[in-house]
Amino acid sequence: VKKIICFGEIMLRLTPPQYQKVLQTTQFDAVYGGSEANVGVSLSSFGLDAGYVTRVPDSPLGRSALNALNTYGVSTRKSIFGGDRLGLYFLEMGTGIRGSKVIYDRAHSGMATLQTGMIDWTTVFKDAQWFHWSGITPAISASAAAATLEAVRTARKMGLTVSCDLNYRANLWQYGKHPSEIMPELVRESHILLGDGDTIELYFGLKSKNYAGVFEKTMLAFPNLTYLAMTARQAFHASHNTYKGFLYCDKQMFESKVYDMPEILDRIGGGDAFMAGLIAALVRKHDPQYVVEFATAAATLKHYIRGDANISTLAEVTALMGGNTGGRVSR
Amino acid sequence: VKKIICFGEIMLRLTPPQYQKVLQTTQFDAVYGGSEANVGVSLSSFGLDAGYVTRVPDSPLGRSALNALNTYGVSTRKSIFGGDRLGLYFLEMGTGIRGSKVIYDRAHSGMATLQTGMIDWTTVFKDAQWFHWSGITPAISASAAAATLEAVRTARKMGLTVSCDLNYRANLWQYGKHPSEIMPELVRESHILLGDGDTIELYFGLKSKNYAGVFEKTMLAFPNLTYLAMTARQAFHASHNTYKGFLYCDKQMFESKVYDMPEILDRIGGGDAFMAGLIAALVRKHDPQYVVEFATAAATLKHYIRGDANISTLAEVTALMGGNTGGRVSR
Amino acid sequence: VKKIICFGEIMLRLTPPQYQKVLQTTQFDAVYGGSEANVGVSLSSFGLDAGYVTRVPDSPLGRSALNALNTYGVSTRKSIFGGDRLGLYFLEMGTGIRGSKVIYDRAHSGMATLQTGMIDWTTVFKDAQWFHWSGITPAISASAAAATLEAVRTARKMGLTVSCDLNYRANLWQYGKHPSEIMPELVRESHILLGDGDTIELYFGLKSKNYAGVFEKTMLAFPNLTYLAMTARQAFHASHNTYKGFLYCDKQMFESKVYDMPEILDRIGGGDAFMAGLIAALVRKHDPQYVVEFATAAATLKHYIRGDANISTLAEVTALMGGNTGGRVSR
Amino acid sequence: VKKIICFGEIMLRLTPPQYQKVLQTTQFDAVYGGSEANVGVSLSSFGLDAGYVTRVPDSPLGRSALNALNTYGVSTRKSIFGGDRLGLYFLEMGTGIRGSKVIYDRAHSGMATLQTGMIDWTTVFKDAQWFHWSGITPAISASAAAATLEAVRTARKMGLTVSCDLNYRANLWQYGKHPSEIMPELVRESHILLGDGDTIELYFGLKSKNYAGVFEKTMLAFPNLTYLAMTARQAFHASHNTYKGFLYCDKQMFESKVYDMPEILDRIGGGDAFMAGLIAALVRKHDPQYVVEFATAAATLKHYIRGDANISTLAEVTALMGGNTGGRVSR
Amino acid sequence: VKKIICFGEIMLRLTPPQYQKVLQTTQFDAVYGGSEANVGVSLSSFGLDAGYVTRVPDSPLGRSALNALNTYGVSTRKSIFGGDRLGLYFLEMGTGIRGSKVIYDRAHSGMATLQTGMIDWTTVFKDAQWFHWSGITPAISASAAAATLEAVRTARKMGLTVSCDLNYRANLWQYGKHPSEIMPELVRESHILLGDGDTIELYFGLKSKNYAGVFEKTMLAFPNLTYLAMTARQAFHASHNTYKGFLYCDKQMFESKVYDMPEILDRIGGGDAFMAGLIAALVRKHDPQYVVEFATAAATLKHYIRGDANISTLAEVTALMGGNTGGRVSR
Amino acid sequence: VKKIICFGEIMLRLTPPQYQKVLQTTQFDAVYGGSEANVGVSLSSFGLDAGYVTRVPDSPLGRSALNALNTYGVSTRKSIFGGDRLGLYFLEMGTGIRGSKVIYDRAHSGMATLQTGMIDWTTVFKDAQWFHWSGITPAISASAAAATLEAVRTARKMGLTVSCDLNYRANLWQYGKHPSEIMPELVRESHILLGDGDTIELYFGLKSKNYAGVFEKTMLAFPNLTYLAMTARQAFHASHNTYKGFLYCDKQMFESKVYDMPEILDRIGGGDAFMAGLIAALVRKHDPQYVVEFATAAATLKHYIRGDANISTLAEVTALMGGNTGGRVSR
């Protein structure tokens, strides 16, 4: 089987235990995560051959970040060492009416100073079938955006399928460029897009009165695209949401069933789990309806896994797709 | 007051903390439990004189298992030491739509190699009024089944009341016998039975279109039986169930009220708590309606106690029976 | 800005972790709290200048109690050292249908042996604008009641606004006096009162068929009063309540919106958070409707903060007032 | 085998984890202990039949204290419920040059208000061969001293061997009596005494220039005595001591070898472990040299057990006596 | 009493528990510390009036850093909010032959972008008697160095005593200046200096064949200096060191006794504890021999306190000075 | 670089935290380890390309065991799934005079039922240069011994260097064969041997009056051998040992310096760390003196790493070889 390569920034996530606030805590739970890394872990947990490319400092923290991916079978042999620090983020986990709060401390990371030419993309993409990137990397710095362009172009040229999670982060894009100056060029090299209407408007200036309309316009603007996906979350409160997925292809909208998600354990990485579900199902050549159901079930299950990444197995996701939401004890 | 003797296997339960999966954890919370041991702890917590008979290795683990029962006042003086290992099970505690998952590692335990003659039942039953066993023990091994038969026959001969929780475990019964070859003979020596329709069909080949019908047929098949009980659980998701109890005697069905159970803390041992409630109320000569209400309230409260066993007091259960479900702070 | 002085007893709170019962635990989580201290911490967290006066033993425990207030910016320079022990209480945190249980061990504390003359109230109240006390202190001992009277009289004389949370604790009042012999004299020196109908009847013998009626009678009985407040909680179960606040002034009742509170994290100190919200909004000269909305939002948010005190900021409370209850991740 | 009855006060011990000071901690480790309870646990761990008599409040804390003894097989059936609170103590565990610090909060406990007549000593001593008490109980209150006298007299009359650990606690003896007014009468009913020169001088006014001289004088003053024992500890620092035991009988001094104790884990209860070693070896009719060697090895091993009580087995202590101090891994 | 003002950078310290390496841990213990902040906490713990001035971001992390000082009574009212991030450092705590390892992540902090004029030093120094700074601050950035100069000049002009810990950090000084270009000008405004021979040579180009010689030359070079101090540590291994202090004044060298430090708990902040001891003893007008003995005892005791700062009391330090190193249990 | 393949059994290790005994604990720390797996992790940490072959059940436990190796870069792609359970062992960590205690529960594991033919050794050894096995595997079961023979013969035939740690485990060898019936045949296919005199006598019946003599005889008996190694440990107590290594080749004995190991953190896996050091240094073609010094330094450092495996880097080991045992803080 050929590899799926994910590219992006991985951070140390520090969470006060037991829903404490940072002001109260004397301890932080530590996991490593990042949007594209989370996709890699989920793909590997589904039994696919996933690789992850990033740039982290050659320090115990940088090495730990890569080790965390190795644990779940993601190869990091093509990641490079460099830069001054590993980005990190503090997460005050919310519950009930108190929402979660993320405090980023990711500036000046190894990925922020990544330059074109540092990663040998031709070698990275040898034996690979798929390249996944997200809108976070070009938002970090001009040089990271350039490196992303270098990557997608090489991937495209080498015949890989390219997927992108638009992933807008308002607190990034600090280097003087607007997403609309950078993203179109990158998306032009991609085939599968995960995003929502607001982000599509912000990045590409496209909008419509409904989802299908937006998707149609995006398809027209980027003729390379074959699949457009979106997720919709309804939040009753921090611990109780619903989740639904959409997939648009061949001018048709496919919608998943709606999952009720009570007693959410950890909602960080829900979208990444959806993305990984999309990729896994597409790689396995499922039909669009199955793809969107699988991706949505995967994203739903992620809400009940601690940490950033969905470590659920294929069997666990398909059991949920099959309706096993009652939470019975399995012995 | 005369003793109530419980007989069965006790295991070390290892649970990753904070709803982690085994794949993620660096620590396990440890408690000791087993269906019949849980019944003993609950009876003792209600102020009854409970004894527990088992066979565990003479190791720190075997001793810890017995100590755990002593802690709550259950006498283990008649338990014997022997065998190679203590059974154990790993519990991935579920929440929301993710159900709990039990991974058993109980083969080759001290109870599996228990032989008839090892336990001096005549001494065990001196000063005892009641003997409780479950369908788990005869499922472990042929010799454990034989020892169970030895026990129930002696108990019956010595005039004890005998109760049985049918407790079907699909992953046991590995020694070449079908439950229907073993269980009828054992149940023939028993007076009180806790079980559900599926298990009754599997064990005895009896079925009917409704609960009352099944119970009537079981009564006819086993004329020694005086009480038949059952519980019904509706699972909205892993953390939200309802619970209801049924008691059949004198050709009449008594039904408890239905308890709503939101925010379940630990559902392992719910049925054992019900069983202990049945025994405690019957020993105290309550009428059938009270018996089923008490047992159901006990089982409900167990869902809010960490660990396998219901350590609630009589007063706490009767407060719940009295309608105290609002969860106010008691100062 | 002038100081707000809170006066009362602070205790060590010991909570078995993870909803364990005292019978099960091998560890206690430790925080320090007390009704009036909690008010002080919340006021300081809102950016107000709060001071706390109490009497604790000069021991690591007494000093830790004061340090816990200093952490959040509450000045304890006017507190005094003395007495034999720090009061403490054990909290079995409830969940679902199991309510929380408080076991007090607060007798013989430094506050119980506080005498008039020990605290130099004139110095304490220099540069202060407000004095807050509660019905707990006069319930501890005759001498503590006398010291409270000394305090409120000095405060009144020095022109401070005086607020009181009636806070009835049935397990106190052990020294031979009924609240009705002590409380009226103290309330006569106060301007703002937080209390409910039952307590008002118990303390003052006043009752009526509805809230407004009770409040009107209380206003008549204590013409010094300018604001009367009350909270109403509906408890579906221990982890799911609703909350609503009432404020009565100028013969008019102002009612807050009702907050739904699912997945409650820690409901101890909800009333204290409301009281602090009242004081903060009144000090900032808001109109009655805003005052009651702010106080209720503050109390609601407290249910999602671990520990006794509301450490939420002004911005967090006003965000909730503005309708931000969906619990979205803030990045 | 006949019972060994221990009588005294049990407390909740609260220890900040990881050598933290009380000023720093957000958590306390909880164990239950008390000098005579520790003796009971050790005796039971050696396989002897131990009972413990005390008075604790009928609360989760009182019950937990008894449960903690039941865990290790000590019977508490003859203990009674009553009084307002369970005594407790805070332990700042020392290490290196920082010594451990105990902060007692034991006043007003159930044992402090124990009265003669409350415990039915005749029933307690049925089937018993030995009674153990310590100098702590008569130091608590006048009525506790009276109850101790009642106990030792009944024990003596019923033919039990009586042992006493003199155990002077400077912070007790607050009720107006000097130990020398109380202890002689109690010691007159005892046969075995554990104590040191300073305490013997304080209690009985006896002194001499060396250990043997003090013991000889004590024997003369209390002709009922058959064994006198003492321990000597040399402290290089908090984590490195040496330990040695002495036993005097038949006008002869028996001395144990000296144990080096590096890397001490928990030195609380060392003397209690020695006392239990004495009793266990005497009950088993060992010669004096063996008795003192066994008791000293037991006390030494206790320093490497967390908590107040020595839960080591007979085999573990005799292995140490046999010279197994190298700390090899046993597989 | 007049204030002692400390000025510097405070960081979040993240330590894997139980001597784990960063590569292994899933949790970090969190405390806040920094050389000058540690001095402040120790001074406050000795009962002196300490203030701390720094610049931290207005975030939960920045606020927590200040709160950590408030806890121990250090006033942070004159600290200012600003900058992008709070510096942090990871500490792999060593033991035995494995030394501790510090991984700094402190670049781009609020202190690094501190500018002259941001802090109103005249207000800061009102009612103050002493100003303490260290060689870390001018090493962070050119603007931080300039701000330090502004501070010492104002302090000197306003008549405060100025102390400095030379504190060389090889991984700082990244902004293009050598310490010898910056430090002399700052030291010229100071009266008390803590440093060692290597640092003095590096900063000032002064060296001699022994301590006294170096100190004499330094005194000649900086005639404003009245006291020079130094500490000497001998490391057998990470958990066993000795410690000794030196104080030079009036052309005379005063040496403390040597402390043996077995079983070290946390050696970070030993020098800061010494510095605080110096200041506290000098403020209290002790003679030089007492000063050096007190400072050395304080530093020694710090090695047995978790966290960066010495929270020992005056009484605890003087007890150690008095020879109480045996680590007996104090009850 | 060519692979180094390690083959053996991996187990779940469960350790009560904080030096508790199994009888006391409510929690176990969990790591995965086994002699040959530990060698693999250490080799990978040194930057070598290590693979591990074993047979574990296809369960969360089996997968976690492999993941634990992946974390540190060891490839487990050639391991197979099968068998009923993962072996486990309980470790009571000793300290001071209390030695560590291991309670094995490893019978009936996947490795115990491994059969010849299950692992495709030809594929495993493709691109490999080295095969490492130990005396534990042939001790588990007859079929595991046969599989080991199959492995070493294939390895030899394919030209790999074969190393063996004799590793005698008295509690294994339960299947009716004496080591001397099995081991010689296996060792005949090996080139490097780690073992001690007692084991060599037990396995091969060879003995002599000194180390060199034993080694010489072993070399004669197994002419295929090129290197023989041994370690000597002197145990003052559980937390303080010394360690020394020996290497014999070309009829010459090379001895390392002796390391003093105070304050040992975790001595499990010391020998495996030595073995990995040997392999790493031999692969890197160092001379015998360097090899034994490196291996001994690696083993020493392991004693200060939690868990079974030495995760130290090459740089950390060479720093220790260079004399860096003082435990200074590295910043």
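We just call them A, B, C, D, E and F in the order they show up, numbering each chain from 1.
The rule is simple: a residue touches a chain if its C-beta (ideal position, glycine included) is under 8 Å from a C-beta of that chain, and two chains touch if they have at least 3 such contacts.
This one's a predicted model, so the numbers in the text were calculated from it and none came from an experiment.
**Student:** Going only through chains that touch each other, how many steps at minimum separate chain B from chain E?
**Tutor:** 2
**Student:** Most remote chain relative to chain D, going by C-alpha centroids?
**Tutor:** Relative to chain D, the chain whose C-alpha centre sits farthest away is A.
**Student:** Through what angle, to the nearest 5 degrees, does chain B rotate to match chain C on its C-alpha atoms?
**Tutor:** 120
**Student:** Using mean C-alpha positions as chain centres, tell me how far chain E is from chain F in Å, no decimals.
**Tutor:** That gives a centre separation of 46 Å.
**Student:** Compute the distance, rounded to whole Å, between the mean C-alpha positions of chain A and chain D.
**Tutor:** 62
**Student:** Spell out, as numbers or ranges, the residues of chain F touching 2 or more other chains.
**Tutor:** Answer for chain F, listing residues that touch two or more other chains: 17, 21, 23, 26, 67, 72, 263.
**Student:** Which residues of chain E touch chain D in the complex?
**Tutor:** 17, 72, 259-265, 300-301, 303-307, 311, 320, 324-331
**Student:** Which residues of chain C touch chain E once you look at their complex with the stated criterion?
**Tutor:** 67-68, 70-73
**Student:** Mind listing the chain D positions that touch chain C in their complex?
**Tutor:** Touching chain C from chain D are residues 14, 21-23, 25-31, 59-61, 63-64, 67, 84-86, 90, 92, 103, 105, 107-108.
**Student:** For the complex, give me every residue of chain D touching chain E.
**Tutor:** Per the stated touch rule, the residues are 18-21, 23-24, 94-102, 104, 169-171, 235-240, 263, 267-268.
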